[in-house]
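Next up: some structures, all given as C-alpha cells.
Each of the next two complexes has chain A plus one more chain, namely chain B in the first and chain C in the second.
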Partner chain A sequence: MIEHAYLIPLIPFFASFIMLFGGKEDPHSNMPWVGIAAMGVCLALSVSVFWGAVTGTVALPYEHNWHWFSIAASIAGRSFVYDMPVGVLIDGPAAVTLVAVTLVSLMVQVYSVAYMHGDVRFKRYFAFVSFFTAAMLGLVASSNLLVTFACWELMGLCSYLLIGFWFEREGPCEAQKKAFMTTKLGDSGLYLALLLIFAKVGSFQLSQIYQFFDKGLMPATIATVIGIGILAGAAGKSAQAPLFIWLPDAMEGPTPGSALIHAATMVAAGILLVSKTYFVFLASPTAMESAAWMGLITAFLAASMALVSYDIKRVLAFSTVSQLGFMMCALGAGGFTSGLFHMTTHAFFKALLFLGAGSVIHSVHTNDMRQMGGLSKKMPLTFLTMLIAVLAIAGVPGLSGYYSKDMILADVWNHDHLMFWILLCTALMTAFYMFRLFFLTFWGDDRDHEKFHHAHESPALITGPLVVLAVLSAFAGAGLNHDGLVHKLIPKPTISVMPGAAVAAPAHASEAKPEASAHQASTEHHDGHLPAWLHMTAIVLVLGSITLAFLMYRGPTYAAADAIKANLGPVFTLLDRRWYVDDFFYALVTVSDKVAALAFWIDANVVDRVFVDGWGLLMRIFAQISDAFDNLFVDSAVDGVGGLGNDLGVGLRSLVREGQVQEYLMYAAIAFSLAATLILTR
Partner chain B sequence: MTLAHYLTVASLLFLIGVFGALTRRNIIGILMSIELMFNAANINLAAFERFLHPEGVAGATLALFIMTVAAAEVVVGLALLLAIYRNTDTAYVEDYNLLKG
Partner chain C sequence: MLSLIVWSPLVGALIVLMTPKEKVRAIQTVSFVAAGVALAASLTLLLNFDRGSAAMQFVERWMWIPSLNVQYLLGIDGLSYPLVLLTAFMSVIALVGSLGIKERVKEYFFWFLLLEVGMLGVFAALDLVLFYVFWELTLVPMYFLIGVWGGPKKEFAAIKFFLYTLSGSVFMLLSILALYFKSAPHTFDMLELMKPGVQSLFDPRFQILAFLGLYFGMAIKIPAFPFHTWLPLAHVEAPTPISVILAAVLLKMGVYGLLRIAYGITPLGFAWFLPALIVIAVINIVYGALCAMAQTDMKKMVAYSSVNHMGYCLLGIAGMSATGFSGAAFQMVNHGIITGALFLLVGVIYDRAHTRDVSAFGGLALKLPVYSGLMAMTCFASLGLPGLAGFISEFMCFLGAFSAWPWPTAISVVGIIATAAFFLRMMQKVFLGAFNEKWAGMEDMTARELISVMPLAVVTVWFGIAPKWPLDLMNKTIEHMLGK
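Presenting the complex of A and B:
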C-alpha cells in the first residue's frame, strides 16, 4: 500500500481542480462531495500506511524518488550533471501527520457542507479547502525540500484565499493581506536558508542533506544561520512571536476554514518543517535554544492575550498560537517526540473547538461570548463535545492533551527549570481561559434572550464530525501513548557528530560542556517523567485554575472579573492591545512609510533637481555649442564643396557657345577618344 | 591582305566621317559623314567575320542589318531636315538653335 503513498497529495489536488473548473457555481452544488470522496480515499490510504507502521508490516522511513529534471553544471572547472528527483519520504512523523491532516480535513469538509450551504461561492470554498489540504499533504510527504517549499508557498496562497473568502467585506480583505505579507516576511528567511543549504550541500534531497549533517560536514555557524532562517519561516507560518499578528485577524474567514488552518494545515506546517529539518537544529545548539525561547515567549504572550478577549474565535486563535508555542518550545528543548505528539493531539481537539465554536456561531449569529450563555440547554451535543475538547486542551488527566502536554513539560523540565515554570504558568492560563470560554458560552443562564430564544442544535452534518473528533480528542492521546507507541513511531533523530563534542576546545570548555551535557541528558531522558510531586502539583494547579474559571464566570454576570479588570486597568489594556505587537509593526510600517516619503522628497528635490536636471542643462549647453560649431564649420564645409561644384559647372559652361551642335559633338568626340585612350592604354 | 589592312581602311574612313561631321556646316554634309562612319563600322564587321570566324555569317548579317537601319534613319533624318528647312530657310547647322536651353 505504501508504494501508492504519492497518491495522497495528488488525489485532493486533482479533486480541487475538478471542483474549481467542473460544473457551474451554485449555492446548492453537489460538487463538494467530490472533494469529500477524494479526502476519504486519502484517509484510507493514510490509515493503511499508519496501521502498517504500527503493526510493523511497513518499514519506515520509506523513500521513493522519480526523475524530475537534471542540470548540467560546471563548478571550478569540473563539469557534472546535477540530478533533481521528486519523490515521497514517509517517516514516522509523516505517517502520523498524514492521518491527522486527512482526518481533520475530511471532518471539516463534511461539516462545511452544512455550514457553508447556500453561500454564493459554495463550490469554490471546497476547491480551496481541497487544494489547501493537498498542499499540506505534499509538504508532509515530499522527500525534496524544493517541493516542500513550493507546497509551503501554495499554502500561503490558499490561506490568503480562505481568509479573504468573503472579500466583499473590508475586514477579510485587510486580514488576508496581513496574513499573506506577515507570512512572506518569515518566508524570506526560509528562502535564504534553502539557498544556503543548496549552496553548501548541493542537493535539496532531505536524505542527502541529513547525511551531510550527520557526518558533521556543516560548520556550526552556517548551521546556525540555516536554523535561524528556517525558524523565521516557521515563525511566519506557525504564528510564533513576533509574527503571530496575522492569526487572530485570520478569524475573518469562514469558521471551518479557520479550523482547517488552525488544526491541520497552515500552522502545523511550520512545526513540521522544523521537525523535517531537525538535524539542522541538532547541529546548532544556538538555533535550538532560539526555537525553545521563541516558542516559550509565544506560548506565554498568546495565553495572556486569550485571558481578556470576548470574541470566541479570537480566544481560540490565541490558544492556537499558544499551543504552537508549546510545540516549538518542546522541539527546541529537545523534545522531538513530545512536540510532534502534541501537534497530533492538538490537531484533533483544536479542530473540534473551532467546529464547535462554528456550531455555536451558526446558531446564535454572534462571536461575542457576552451575548451567549446557557447554551448547554439548547445545544446538548455541541456542549458535550466542546466539554471534551476543553478538558483535552486544558490537560485534564485521561484525555489526549494531558499525555502530550505532560510529555512536553517533562522534556522542558529536563532541559531548563526556568523554562518549565514559565510553561507551567502558561498551561494554567490555558486551562483558565478555555474554561472561561466554556462557562461563558454554555453555563448558567442566557444573557441575550433574543439570541437564546433563536438558538438551536445544529444539523447532523455538523454534529457528526464533532462527535468523531470528540472521540479522537478523548482517546488519541492514550492510544498513541499506549506501550510507548509514540516513541516507536516518532523517534528522535540523531546525528553522529554532535556539535558540543566537536567544539570541546579547552578554552571554551566551561561554556561548551554544560550545554553539551544538558543536551545529552535531554536526549537520554526522552521518555523521562516529571518528578512525582511536581506531576501531582501540576494536575492540582490545573484543576485549581479550572475551579477559578468556574467561580468567576459561572453566572450571568461576572462581577469578580470586572472588579479585577477595574483594579488592573493598565495590565488589561496591555493584554487587550495584544502586548502592542500589532502597534509595533504598525509603527514600523509607519516609520518605513515616513522614511520612504523622505527618500522620495530627496529624490524629487535633490536627485532630480541637481543631478538629473543639472546634467540635462549641462548637456543642453554642450549641445548648443556643438550646434554653433556645426553651423560655422561643418555646414560651411559641406556648402563649400557643393558651391565649388556649382561654380566649376558654371565656369565650364561659359567656355561653350550655346546651341552649337557641332561644338557639343566635338567635346563628345574629345571625351570619347580620351576615354578610349585611357581604357586601351591601360 | 591581313586584318590590319582592313582595319586601317575602316579607321581612316571613320576619321574622315568624324572630321566631316565636325567641320561641315551644311546639314546634308553632316548626314553624309555619319553614313561614312556607319560604313566604316560595316567594314570592321565584315573583316572580323572573314578573319576571326570564317565559318559563320553573323558579321555579314549584322552589316546588312546596319545598312537597313541606316537607310531607314536617313529617310527619317531627311524628312526632319525638310521640315526644319521650311521653318528656318537655312541649311547651316549653326543656325539651328531651337532647343537651346
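Presenting the complex of A and C:
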C-alpha cells in the first residue's frame, strides 16, 4: 500500500476542487459527503501504512521521488542543473501523524455536517476543510523541503479562508488577516532558512540535506542560523511566543474549523517541521536550546493567560498554545519521541475538546462560561466525553495525555532541572484551568436560566465523533506507549558527526566514530524516566490542582476566584491583556503604516520632484548650451554650406526656441549624446 | 517566421487605417486577426524551437543600411522567446479588454497594433539600431494611448511618461553609438558585439560608461528606483488594456535589455555596477511595497506592486547566478500574467463603480463571488502563494541572489511581508465585511471580462503547479549566458 502513499494528500486535494466547483451552493448540499468519503479513503490508506510500520511489514523510511522541474544552479562555484524532485518520504513520525491527521479531519467533517448545516456557504466550508487537510498531509508526506514549504504556505491560505469564513462580520476579517500576517512574519525566517540550506547543500531533498548534516559538513554557526529561521517559521504556525497572538483570535471561525486548526493541521505543522529538520538542531546546540526555551516560555505564558479567561473557546485556544509549548520544549530538550508523541495524543483530545465546546455552544449559543453551568444534566454525552478529554489533557494517570506529558517531563528533567520545574508548574496550571472550564460549564447549577432551558444534547452526527475521539483520547496514549511502540515508531534521529569534527572526519574516520557513539550514548541516557519520588509528587500535585479548581468553581458562584482577582488586580490585568504582546504587534502595525505613509510622501514629494523636475531642469540647461553651440558653430557653418543647411539650422533653432518642452529635451539630448559620443570614441 | 510575427500587427494597423472609422466591428476584427496571426505564429515556433540549444534560432539577416553596417537582424533564444510569447499573448488579452473602448476606435486600434509591433520587435531584434527603432516605436503609440484614452490627468501622465522614457533612451542611443564606433569593424550586431574578439576592444572604463548609458535607458523602463515615479501616474491614467500592456510587456523591455545588451555586451560595466544594482533592487522591493501599502487607489497600489515585483527581477539579476537569471526571466513572464490580470480585474470594478478607492467598497464577495474569487486568487498569486505562478520565480530570484548578497536578500524578505499586508488589506476592505448597499445593483463579471481574465488565471495556476515547461524553454540559454 505504501507505494500509493502519494494518494493520501492528492485525494482530498481533488475532493476539495470537486466540492468547490461542482454543484450549486446549497445550504443542504450533499457535496460534503464527497470530502468525507475522500477522507475515509485517506484514513484507510494511512492506517494501512501505520499498521505496516507497527507490524514491521513495511520498511520505513520509504521514499519515492518524481521529477518536478529543473533549474540552473550554482553552489560555491559549481554549476549544475538541479532537478527539483517532488515526492513522498514516509518515516515513523509521518506514519503516525498521517493517521492522526486523517482521523481528526474525518471526525471534524462528519461533525460539521450537523454543525454547519444550513449555512449559506455550506459546501464551500467543506471544500476549505478538505484543502486544508490536503495541505497538511502534503506537508507531512513530502520528501522535499520546498514542497513542504509550499504546503505550509497553502495552509496559511486555508487558515485565512477558514478563520474568515463568516467574512460578513468584522471580527473574522480582522482575525484572518492577523493569522495570515503573523504566520507570514514567521515564514520569512523559514524562507531565509530555505535559501541558506540550498546555498550550502544545493538540494531541497530532505534525505540529501540530512546526509549533508550527517557528515558534519554544515558549519555550526550556519546550522544555528538555519535552526533559528526554522524556529521563526514554527513560531508563526505553531503559535509560539511571541507569535502566538493569532491563535486566540482564530476562534472567530466555525468551531469545528478551529478544531481542525488546533488539532490536526496548522499548529502541528510547526512542531512537525522542527521534527522533519531535527538534524539541523542536532548540529546546533544553540538552536536546540532556543527551541526549548521558546517552548517553555510559550507554555508558561499561555497557561497563565488561560487562567483568567471566561470564553470557553479562548481558554481552549490558550491551552493549545501552551501544549504546543510543551511539545516544542520537549523537542528542544532532546525529547524527539516525547514531543511527537504528545503531538499525536494532543491531536485527539484537543479535537475532542473543541468539538465538545462546539457542541455546548451549538446548544446554548454563547461562548461565555459565566452563562453556562450545570450542563451535565442536559448534555450527558458531551459531558462524559469532555470529562475524558479534560482528564487526558490534565495528565491524569491512565489517559493518553498522561503518558506523553510524563515522557516530556522526564526528558526535560534530564535536560535541565530549572526548565523542569517551570514546566511542572505549567502542567499544574493546565490541570487547574481545564477543570475550571469543565466545572464552570458542566457542574453545579445553571447560571443563565434562559440559556439552560433551551440547552439540549446534540444530534448523533455531533456526538458520534465525540465518542470516537473520546475513546482515542483515553486509550491512544497507553496503546502507543505499550511495549515501547512509540520509541520504535518515532525513534530519535542522530547525526554521526558533529559540525566541529567535520574537518577531521575524512582523514581520521576512526576518531570520529567514538564521538558519534558517545553522542548516541548520551541519547540513550535521555530516554530515562523521572525519579520515582518526583513522578509521584507530580501526580499528587496534578490531582491537587484539580481539587483546587473544584473547590473554587464547583458552585454557581465563584466568590473565591473573584476575591483573588480583586487582590491581584494588576496581575489579572496583565494576563487579561495577554502580557501586552498583542499591543506590541499592534504598535508594530501602526509604525509600519506610518513608515509606509512616509515612504509614499517621499516618493511623491522628493523622488518625483528631484528626478522629474530636476531632470527637466538639467535638460533645459543642455538645451541652452546646445542653443549657444548652435549660434556659434552651426550659424557660421551655414554660411559655408548654404541652402539645405540653412533651412535645417533655422528649423532646428525655431523648434528649440519656440517648441514645447519635449522637443527642447529631445534635441538637447541628441546634441548632448552626439557630443559625448565623439568624446568617448576619440 | 519572426518577421511574420513582428510585422503582422503592422499590416493590421495599416488595414485599420484604411478602414472607414464607422466600421467598428471591422476594425476590431482586423485587429484580432492581426494580433491573432502574431500569436499563432509565435506559438507555431514552439514546434521547432530547440530547447537544447543556447544559440539564436530562426535568425533572419539582411543588410539594411550597408554604409553604416546596419542589419535587419532578428532571432530568438530562451531569453527572448518567452517574452515574444508573452507579448503576443498579452496583446490578444488586452485586445479583448479593448472591446470596451467606445471613442475613436479606429485610432485606438491603430496605435495599439503599432505598439505591438514595437514590443515584439524589441524582443526579436538582434541589431542595436533595429532594437532602438523598435524601442522608440513603442513610445509614440503609448503616448497617444494614454494621452487620448486615459483618465482625468491623462495629458500630464502621457507627457511625463514620454519625456521620462525618451530622455532615458537618448542615453541608451549614446551608448549604442559608442559601442558602434569602438568596435572594429564597426557593427551594431549584438551577437558580434558579444564575441570575445570584439569584447577585447572594450576596456573596462569604456564598458562602465557604455553600461551606464544603457542602464539609464533601461532603468527608466524597468522602472528602477529612483526613476520609477512615472509609472504610478501612467498606470493610473492609462485605460485598462493599456495598463495591462504597460505592466505586462513594457516594463519587461527594460529587464530584457539589461540582460541581453547591458550584461551581454558590457559585462565588465555590469559587474562594476552590481553593488549599486543590489541596493536598487532592495529599495525597489522594500520601498515599492511600502509605497503600495500607503495607497487607497487600487490601481496605484497595483502599480507600486509592480515596482516591488520588478525589484525581484533586479534582485535575481544582481545575484549574477544561473538561478537568479532564470528567476528574473521567469518572474518577468509571471509578473506579466499576474499583474496583467490584476489590472484587468481592477478595470472591471472601475467600469462599474467609476471609483477605485478601496474604502468605497465592502463585502463585494457576497454579491460578486466570481469576481471576488478571481481577484483573491490573483492577489495571492501576486503575493507569492505557492501553487500559483509568482512563487517559484520569486523564490528563484531570492535563491539566485542569496549566495552573493546574503544581507540585502534577507532585507528584501521584508518586501514579501509588506506585499502580503497591502493585498490582504485591500481584499478586506473591498470584498469582506458588511456589504455596502450602495453597490446593490452591481453585476458579476460579464462574458467578455471572463474571456480576458480566465486565460491568465489558467496560466497562473499552470505555471504555479508545473513550472517545468516555461523553465525548460529558458534553461539552456541562461546557462550559456553565465557560462562564458
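Details
Quick note on the criterion: the second predicted complex is superposed on the first by the 557 of 682 C-alpha atoms of A that agree within 3 Å, B and C clash if a C-alpha of one lies under 4 Å from a C-alpha of the other, contacts with A are read in each partner's own complex, and residues count from 1 in each chain.
Everything below uses one rule, namely that a contact is a pair of C-beta atoms (placed from the backbone, for glycine too) under 8 Å apart; a residue touches a chain by one contact, two chains touch by 3 or more.
None of the values given here were measured: they were computed from a predicted structure.
Touch criterion met: A:A596 reaches chain C, while chain B stays clear of it. Of the two partner chains placed by superposition, A:F584 touches none, neither chain B nor chain C. Legend: residue contacts after superposition of the two complexes on their common chain; A:Y191 is shown touching chain C, with no touch to chain B. In the superposition on chain A, the chain among chain B and chain C reaching more residues of chain A is C. On chain A, the surface patch touched by chain B in one complex and by chain C in the other comprises residues 661-662, 665-666, 669. Per the touch definition, chain A reaches chain C in the complex via residues 67-76, 79, 81, 146, 149-151, 153-154, 157, 164, 167-170, 173, 177, 180-181, 184-185, 188, 191-192, 195-196, 198-199, 592-593, 595-597, 599-601, 603-604, 607-608, 610-612, 615-616, 619, 661-662, 665-666, 669-670, 672-674, 676-677, 680-681.
Residue ranges of chain B in contact with chain A, taken from their complex: 18, 21-23, 30, 93-94, 96-97, 99-101.
Of all the residues in chain A, the ones that touch chain B in their complex are 658-662, 665-666, 669. Chain contact summary for the complex, chain C toward chain A: residues 159-160, 162-164, 166-167, 170-171, 173-174, 177-178, 181-182, 206, 209-210, 225-230, 287, 290-291, 293-295, 321-323, 325-326, 363, 365-366, 380, 385-387, 391-392, 395-396, 398-399, 402-403, 406, 409-410, 413-414, 416-418, 420-421, 424-425, 428, 431-435, 466-468, 471-472, 475, 478-479, 482-483.
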